[in-house]
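Note that the chains are named A, B, C and D in the order they appear, and that numbering of residues resets to 1 at the start of each chain.
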Amino acid sequence: MAYKYSTELLYEAAVDQLHNLGVTLDDIAEIVHLLQVDYIPDLTMGECRENIVAVLQKREVLHAVLTGLAIDDLAEKGMLPEPIQSIIASDESLYGIDEVLPLGIVNLYGTIGLTNFGYLDKKKVGIIDHLDKLKRSNVNHEHVETFADDIVAAIAAAAAARIAHTRL
Amino acid sequence: MAYKYSTELLYEAAVDQLHNLGVTLDDIAEIVHLLQVDYIPDLTMGECRENIVAVLQKREVLHAVLTGLAIDDLAEKGMLPEPIQSIIASDESLYGIDEVLPLGIVNLYGTIGLTNFGYLDKKKVGIIDHLDKLKRSNVNHEHVETFADDIVAAIAAAAAARIAHTRL
Amino acid sequence: MAYKYSTELLYEAAVDQLHNLGVTLDDIAEIVHLLQVDYIPDLTMGECRENIVAVLQKREVLHAVLTGLAIDDLAEKGMLPEPIQSIIASDESLYGIDEVLPLGIVNLYGTIGLTNFGYLDKKKVGIIDHLDKLKRSNVNHEHVETFADDIVAAIAAAAAARIAHTRL
Amino acid sequence: MAYKYSTELLYEAAVDQLHNLGVTLDDIAEIVHLLQVDYIPDLTMGECRENIVAVLQKREVLHAVLTGLAIDDLAEKGMLPEPIQSIIASDESLYGIDEVLPLGIVNLYGTIGLTNFGYLDKKKVGIIDHLDKLKRSNVNHEHVETFADDIVAAIAAAAAARIAHTRL
């Protein structure tokens, strides 16, 4: 089927939007390395990066990334209708849709993807911790990263699972 | 914890937004009845309606409903960033986030919720069929119901599962 | 890593055990064809079969198939401890683990896999209907197919989703 | 519907079988406390225990617990058919059905249940660590705890999520 936008274009848009949040593929590769190096001692950062790129070639993954980051963007601009605008902008404690949407990424990589995602959601490491702190310091909601940290965690968890399935 | 908005207010917002799409709780109750009457011959429309209301008392369910309908609303107004604006507005064939988000509703009601949701997603009945046809007839995207039909299916599937767990 | 059993051997074991239940890959291909022919009019039975074989090359899929069929086998022989022996042998109406286990298959193929599985679980077609009727006619539990019908539905749903992702 | 076994009887069977593995409800309560005390400083062990008992009143939860522990039991006795007998007895690194089955427990408690489960699966604490070490030290497979540690993690994660939904 002919799509209006190629997968390549969606990939470029996703990487650009992550960059705008201060997140590089190398930041994500560091998390992937951390998750898998205990099991695969010779794992290189290059292999982590390649697996992230492979994850980001799937159209479904890109749909999840772009949808999540679009919601953050609109919440940041105050453009969502109330009451959901306030709930998302403040990342209310029981708001969990930011953890549901990444299931569209991690489920594709089996239970290793899912459990790594759960781990990263609790134990925020590296750039995820940075995004989370940015969000929490941000009492006036000039920046909204409600979905961003979970999206980054899901990409890292998926890439880690992809490595496990190739190497273990 | 004190929320900015009470659950009651979220419920009213969700019901109002469904009404604006032409969806009443009775429309959803008809689908629930259809799903369960073979197993529970004495099932009344009133019991279906009560179970829908009970499903819509859960804050997580309301979060999913309000987030999904907000995405449709913004896509309809052309306010999402490209390329995701075009993908959602046209409900591209491999776009599946509209089926991921309702998992936040149906998973709470176990596998009966999940399988009923899968069934309704394929076999569009009643108001879901109406929303789906509205969407497909709508080539210029003045109306966007990409998430709406799946949200309605998820509410019906959850209420059907709730009845099964109470009555079977 | 060196496994005790190769993936090829697991595949042979899974296909053999399905044959013993009277289920051939062609029976499953018929269901896959039914699910996708409306979207892909030139879909052949050969293509359906190839996609089933591809699904059954994944070690995780084979793990789910072999685990589910082993539980049925032991329940049939009355070798599970009570009370779970009776619950599984009679496929009690709220027993849903036979629908949870196949999530390990269908989730790998995204929401199209999941919704097709839900559909087949409700709308039993072809060999799934046959297995289901066998189970229901079987009041003394000489044959137990509690997991078998759901496993077959999951393989068909996964293959259908794999075709959708390749062809749509 | 009249069940052959009451929910109370299933509960007693589940608690007994956990005891036989050296796992008490207090062991699980310690994990729940650990997961939630940062968010709820006045959380008591009694409240953790009550929530575990509430989780274990759901028939679907008990089905998952009893099915998982039955598989371990049969694998320990060498009664599963090959090749799945060896795969489960050795908890092969890519065998993930022991993480799929507990989804039937944690999904009922929303994304907080799911992410806590993923966290515990990676970061084994308390009795889960004990079960995991028992399994790993056990090269001849006289004891099989392939499902047991994940079942315990799922009960703890579900109880933690139940507390979060009540108290946050």
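Simple rule for what comes next: contacts are C-beta pairs under 8 Å (C-beta built on N, C-alpha and C of every residue); 3 or more make two chains touch, one makes a residue touch a chain.
Since the model is a prediction, treat every value here as computed from it, not as a measurement.
Seen from the C-alpha centroid of subunit C, the farthest chain centroid is that of A. Looking across B-D, C-D or B-C, the pair that copies the A-B interface, with over half of its contact pairs the same by residue number, is C-D. Looking at A-C and A-D, the interface holding more C-beta pairs in contact is that of A-D. Spacing of subunit C relative to subunit D, judged by their CA centroids, is 26 angstrom. Each chain gets a centre from the mean of its Cα atoms; for subunit A and subunit D, those two points are 28 Å apart.
Averaged C-alpha coordinates put the centre of subunit A at 32 Å from the centre of subunit C.
Those residues of subunit C in touch with two or more other chains are numbered 1, 60, 93-94, 96, 100, 104, 110-111, 168. Within the complex formed with subunit A, the residues of subunit D that make contact are 93-94, 96, 99-100, 110-112, 114-119, 121-123, 164-165, 168.
Across the complex, subunit B meets subunit A through its residues 1, 3-5, 9-10, 13, 59-60, 63-64, 66-67, 70-71, 73-74, 79-84, 86-88, 90, 92-97, 100-101, 103-104.
By the touch rule above, subunit B contacts subunit D in their complex via residues 1, 60, 104, 107-111, 168.
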